[in-house]
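The following pair of complexes shares a single chain, subunit A, combined with subunit B in the former and subunit C in the latter.
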Partner chain A sequence: MAERPEDLNLPNAVVTRIIKDAIPDGVNVSKEARLAISKAASVFVLYATSCSNNYAMKAKRKTINANDVISAMEEMEFDQFEDPLKHCLEAYRNEQKNKKEANEKKKKEKEVEVQTVEDVMEEEEDDEDNDGDNEKDEDFVAEEDEDDDEEEDEEGGDVESVGLGSVANDNASVSGSATGSVVEISDDDG
Partner chain B sequence: MAEKQTEKDGQCVLPLSRIRTIMKSSPDVGSISHEALFLTGKATEMFVKNLATISREKSKDKMNVNYKDLAEVVNSDDVLQFLQDIIPRKIKAREYLEKLEDEDEDSS
Partner chain C sequence: MPSKKKKFSARFPPARIKKIMQTDEDVGKVAAAVPVLISRALEKFIETLILKTSETTKIRNAKTLTTSHIKQTIHQEKKFDFLKDLVANVPDHQAEDESDPNISDTK
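Here is the complex of A and B:
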């Protein structure tokens, strides 16, 4: 096969591993044989693609799908691959489904985290006399609303710039007063 | 062992990006669904295993599989005809030269 910038060969290490899995331990396969099998595998992909594509085109589709590939095996007289491939397809579809569900779960958890940290931030801001609770002290004069808004924006800005995704609410420690100093969020896990 | 296989069934050890590159080099190919890509990869894995196994079966020395065994299998099995050009039987240089001489004689 002519060499091209895009490599049409499969990685030798992987092909060797597949070969080793197929034959008993201790059996030696010469380098020349392994190279030839690797080339054969590339040609197999081309042949399978050509057949699969024919099925897709016959059905007036521009996308080769799973059934096209399985039909191609029959055409190429590799019938023994059909059932195992159907089995693999099922396993693959299940894994894709599981991955999708896991990702959606992670997404939801992230949204909850962001909300919770923001809630904590707001609570801190309500602690005007800096005594640890959100109750107003009688003698303490609340700051003007405008100032509060400014503070909120600053701190809101800080919150956004920290990688919230990796911070579990339990580990976040919020220090500093609500009177305008910079609030730090540190990750406590060691 | 059967359990181990079930774990791997939904995964392909061959790099799908490379498989895709090869597939796209085929003329007139449009798009390839990710399922089709995966199945092509799995089929290729099966093909490699199959080829290694039958080459060993054909081999006289069960502990060593070499090119000759492979060429023999490819050139005697109809299903593997598509490989005949890339895994030809090898002949000795002397035989090849003799062949060339015969051809020259025929054409002159």
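Here is the complex of A and C:
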């Protein structure tokens, strides 16, 4: 092996936490001892890997699986780990199953949400100035410019300022398409 | 106040475990569940090592668990044979202060 076990250390925080939980009350652990435990843990991983891999290779598999690990513990004389590991495996499998189901549920909910939003957006699209009708008053203004002679001048000002929208509504009802190609103006003359 | 021993809360990062595993050239692929199991096994391993070593610490009437206690434990148990090389440089008896020049990273 070109790599030394010391080069791949496990996070100190986790090692420290486990040591703290395991140590009997009243006993301290020296810094060097903590480091040694951390290194021992790395060596343990390598040893367990090697044993597990042997089981995989025996079964002509290229992938180490969970059962290989459990069998390896027996070989390493850590049989007492077998039960906790089996529980751990079951818990992991359940966790994965729940995650998968939660993800699928989220996906479905999102699809419905997107569809609803799309529907609402389609409706709002036409009423761009939010005045309740689906006509753009810009188009109305454009038409007004063309018919200078006929324009209503109730405000006393330039009709081009009608672009504000609200005045236009008072003046006329507009029918026709929102694209603005043809706009009929009927005036309600007061 | 009784201190609640926390189980299952200290997990090792699966990616790091996988990295260590793959320093072994013979290792090909690793199933996703494997680093999770190794993490749990590590927890049990460290627990076991500490518990056994703390017995040595008590027998020596020491308040602090040191590397020499670990070394003794490793030599006492056959299952810890694979750790013998790791503690080869550790003296058999140590003072209990933190500044121990005997442990070096460069081996």
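A few notes on this one:
Here is the rule we use: the second predicted complex is superposed on the first by the 114 of 190 C-alpha atoms of A that agree within 3 Å, B and C clash if a C-alpha of one lies under 4 Å from a C-alpha of the other, contacts with A are read in each partner's own complex, and residues count from 1 in each chain.
Keep in mind that, in the parts below, a residue touches a chain if its C-beta (ideal position, glycine included) is under 8 Å from a C-beta of that chain, and two chains touch if they have at least 3 such contacts.
Nothing here was measured: the structure is a model prediction, and the numbers come from that model.
After superposition onto subunit A, the partners subunit B and subunit C occupy overlapping space and clash.
Of the two partner chains, neither subunit B nor subunit C is touched by A:Thr116. Of the two partner chains placed by superposition, subunit B and subunit C are both touched by A:Pro84.
Using the contact criterion defined above for the overlaid structures, shared-chain residue A:Arg17 touches subunit B and also reaches subunit C.
Of the two partner chains placed around the shared chain by superposition, subunit B is the only one that A:Asn94 touches, whereas subunit C remains out of contact. Residues 1, 4, 6, 8, 10-11, 14-15, 17-19, 21-23, 26-30, 32-33, 36-37, 39-50, 52-53, 57, 62-66, 68-70, 73, 76-78, 80-81, 84-85, 88-89, 92-93 of subunit A contact both subunit B in one complex and subunit C in the other.
Those residues of subunit A lying in contact with subunit B across their complex are 1, 4, 6-8, 10-11, 14-15, 17-19, 21-23, 26-30, 32-33, 36-37, 39-50, 52-53, 56-57, 62-66, 68-70, 73, 76-78, 80-81, 84-85, 87-89, 91-95. Subunit C contributes residues 3, 5-7, 9-13, 16-17, 19-21, 23-31, 33-34, 36-38, 40-51, 54, 57-58, 63-67, 69-70, 78-79, 82-83, 86-87, 90, 96, 98, 100, 103, 105, 107 to its touches with subunit A in the complex.
Across the complex, subunit A meets subunit C through its residues 1, 3-6, 8, 10-11, 14-15, 17-19, 21-33, 35-37, 39-50, 52-53, 57, 62-66, 68-70, 73, 76-78, 80-81, 84-85, 88-89, 92-93. By the touch rule above, subunit B contacts subunit A in their complex via residues 6, 9-11, 13-15, 18-19, 21-23, 25-26, 28-33, 35-36, 38-40, 42-53, 55-56, 62-67, 69-71, 74, 78-79, 82-83, 86-87.
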